[in-house]
Amino acid sequence: MAVFWQDPITFLRLWLENLLLSWGVPADWALVIRFAVGAVLLVTAALLLVILQLWLERKLIGRIQDRLGPNRVGPWGLLQPIADVLKIFTKEHITPAGADRIPFNLAPVLSVAAALMVWAVIPFSATVFGADLNVGILYLLAVGALGELAIILAGWGSNNKYALLGALRTVAQLISYSVPMTLSALVPVMFSGSLHLSVITRAQEVWFIVLAPVPALIFLTASVAEVGRAPFDLPEAESELVAGYSVEYSGLKFGFFYVAEFLKAFTVSLIFAVLFLGGWRGPGAESYPVLGFVYLMLKSGIVYLLMILFRGTLPRFRIDQVMDLNWKVLTPLALILLMVIALADYFLRGTLPLVRILGLLCINGLAYLVLDRVLSSRERLRRRLVAQPVRPVARPENLITSSDVGGRS
Amino acid sequence: MLNAWLYIGLFTLVAAALPAIAIFLAGLLAPKKPNPIKNATYECGVETVGPAWTQLRVQYYLFALAFLIFDVESVLLFPWAVAYQQLPLFAIVEAVIFLAILVGGLFYAWRKGALNWQ
Amino acid sequence: MSALQWVFLVTALITVSAAVMMVASRRMMHAALWLAVALLGVAVVFVTLEASFFAVVQLLVYIGSILIIIVFAIMLTQRSTEAGPRLNPFAWGAAGVAGVVWAALTYIFIRWLMSGTPLQELGASFDDVVPLGKALVDAEGFAVPFEVASVLLLAALIGAVYIAFERRGEGS
Amino acid sequence: MIPLSWYLILSATLFSIGLFAVLARRHAIAILMGIELMLNAVNINLLAFWHYWSQIKGVPQVSGMVFAAMIFVLAAAETAVALALIISAYRRHHTVVVDEMTLLKG
């Protein structure tokens, strides 16, 4: 019997189970009710987390850009997102003329649902997980496919050129980046010998980011791109495609696309933490599962902060750069590293753990250096001219002279 | 395993129902004053020209194609990766050959220029 | 009837009606979306068969990539889709052929089931991924099909890139 | 539990609908979708037999799963090439209706 302060969620689960059984509910139905209660609680928690995220992200981005960020509603602007939610809740829903009603209305729902469905399989601590699927990782990747479907539905349903082009462009980006993502997700599977997320977590006596730093880096980059955040935020590049697939949406329907984006940002951090950062593992997490939950949230919070840092500091890529980065750098890198690691680990897996770790680290570094040299030299040879030659920048000291001469070019 | 899937099924239902209910409630609360100008398709203020469902360029197809091939291939590799710890060297070399063939495909598409965004 | 049977019946009904709608819809995009529903239904059927791996792969490969590539192809060939009737003049003949095939298949299946071949359900704790992975690269097992699959994919990639890229600039 | 015959009838139905789409639709991509449906029906069959037969021989049989996996590969390859052909034909003839394509007649 679990003690409350060791593992509150299991404690509550057992309590609910006993309560239902004592009421004379059949065992099968008790299971269904327990699952349903768990699902409702988890979905609500995830959606509430988005509100916190909205505040955190606006505040931090504000600070990075030397602004205050939200500071009016509540202490430190903490109630700002709630005010925003209330406002967007009462906005008019505009359905554009000629829209395909069913896809148009289904798209935001499916988009949020796809982002939420990831939470069903995440092992939150040693004892608390929703479904321990025997194909956990593949499920995580497959749910992404539903998100792509939602984007296509939105683009098609809006009856708008910008929406459709934006949607197809987004989907092109998402599907491209899921290739290196899938390939680097194979590495944790190889090391742990299972697709169960719980087994993958348990197998990480040494975090997989130490054993395979380069695949982890590829996975992180690809997941930032999968979320469509800066610097990969072409899907909503205001200057190019108005707002991508969500142009025609208004009110809460638009809000849900926004929610889905923020939710996805956190779920990919969660996935990264589970696959490469040891999930709930940490000192004392086995005997006090509640600590495991804290560790997991800390780890994914750090990854999430890293993503906010990317967003605040990196300029947006052009679409051809996005595609080049994926197909000409990440994908070959992931493929070749997969081969190298598969061969190397076969010879190293019988040796001492320390030797194995150091060996894998060296091989990762070596492969990365060699491939980086090879790939970037190819790139340099084939770099295409896409912009004008560099023109002089107007600085205070050359302002007058350059305008007098009409520029160097 | 069916229990796990039962949970996922319920979770999916809840995850889809919650936003749907929220949108429905918001639709009840929100004002409804449609007019033809407001409902017109947004095209930066310019009159809409032609049907919205326009033609695309072949570029999109080529990326989707490369993705399709690599996706299927990585799916085939997942069972192999699960069994990896128990496999002899022969089987690992076999998978490496499998990967090498696809690297060849990638480089063909690259040389051919199919991976350049125009 | 058990709950699982109800799940199966509802899924089968949705799948079949989505398939019918797919054949009946005029707009190709609608057909593709109905196909998505049918494919999802098939994924659920795989779940009831305890083939988790294939249910997920169905999502990943069919919905995540084949459907998307079909959508892209529809968008690429958009201009010629809407005109003319959607069925060709032999539609009645085709319906007849399909009906005959359905009756024949069902008859064969039922006959075969009646013949009393022993059947046994899969154990509930059976994990479908590890034996598949071992068999795929086992020299005694399916190593050759595994490599051939890779070559097939390579051939498809090269062929499709070649065909789609062939007369560049000639199209509109 | 679900009887095997249900799966077989479902797969026969999907196969026939797919066959009808292949025979009767004029649009090339619709025909392709019919083929996808037929392949799915085949997969249901394969996995159903795998589910009901794999413990007959004492050890779990994997042939059904391997065949199903190969069908996925086949479907991917077939879709890729078929759509490339359709797009190529469309660029040349500006049609995707099969009876209007006289590509092979030269």
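Order as written gives the chain letters A, B, C and D; numbering starts at 1 within each chain.
Here, contacts are C-beta pairs under 8 Å (C-beta built on N, C-alpha and C of every residue); 3 or more make two chains touch, one makes a residue touch a chain.
What you see is a predicted model; the values in this text were computed from it and never measured.
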item	value
Chain with minimal offset from the mean of all protein Cα atoms	B
A-C compared against C-D, more contacting pairs	C-D
Distance from the mean Cα position of subunit C to that of subunit A, given in whole angstrom	29
Centre-to-centre distance between subunit D and subunit C (centres being mean Cα positions), rounded to whole Å	5
Euclidean distance of C-alpha centroids - subunit A vs subunit D, Å	34
Subunit B and subunit D, separation of their C-alpha mean positions in angstrom	21
In subunit C, residues with contacts to at least two other chains	4, 29, 48, 50, 52-53, 55, 57, 60-61, 64-66, 68-69, 72-73, 75-76, 79, 128-129, 132, 136, 149, 153, 156-157, 160-161, 164, 171-172
Residues within subunit A bordering two or more other chains	133-134, 138-139, 156, 164, 168, 175, 178, 195
Where subunit D touches two or more other chains at once, by residue number	69, 72-73, 76-77, 79-80, 83-84, 87, 91
Listing of all chain pairs that touch each other, if any do	A-B, A-C, B-C, B-D, C-D
Touch list for subunit D against partner subunit C, complex	1-2, 4-10, 12-21, 23-27, 29-30, 32-34, 36-37, 40, 43-44, 47-48, 50-56, 60, 62, 65-66, 68-70, 72-81, 83-88, 90-92, 94-99
Of all residues in subunit A, those that touch subunit C in their complex	28, 103, 133-135, 138-139, 141-146, 148-149, 152-153, 156, 164, 168, 171, 175, 178, 195
Partner subunit A, residues of subunit C touching it in the complex	3, 29, 33, 36, 52-53, 55-57, 59-60, 63-65, 67-68, 71-72, 75, 127-129
For the subunit B and subunit D complex, residues of the former touching the latter	58, 61, 65, 68-69, 71-72, 75-76, 79
Interface residues, subunit B side, partner subunit A - complex	1, 3-8, 10-16, 18-20, 22-23, 25-27, 29-34, 36, 38-44, 52-54, 56, 60, 63-64, 66-67, 70-71, 74-75, 77-78, 81-86, 89, 92-93, 95-96, 99-100, 102-103, 106-107, 110, 115-117
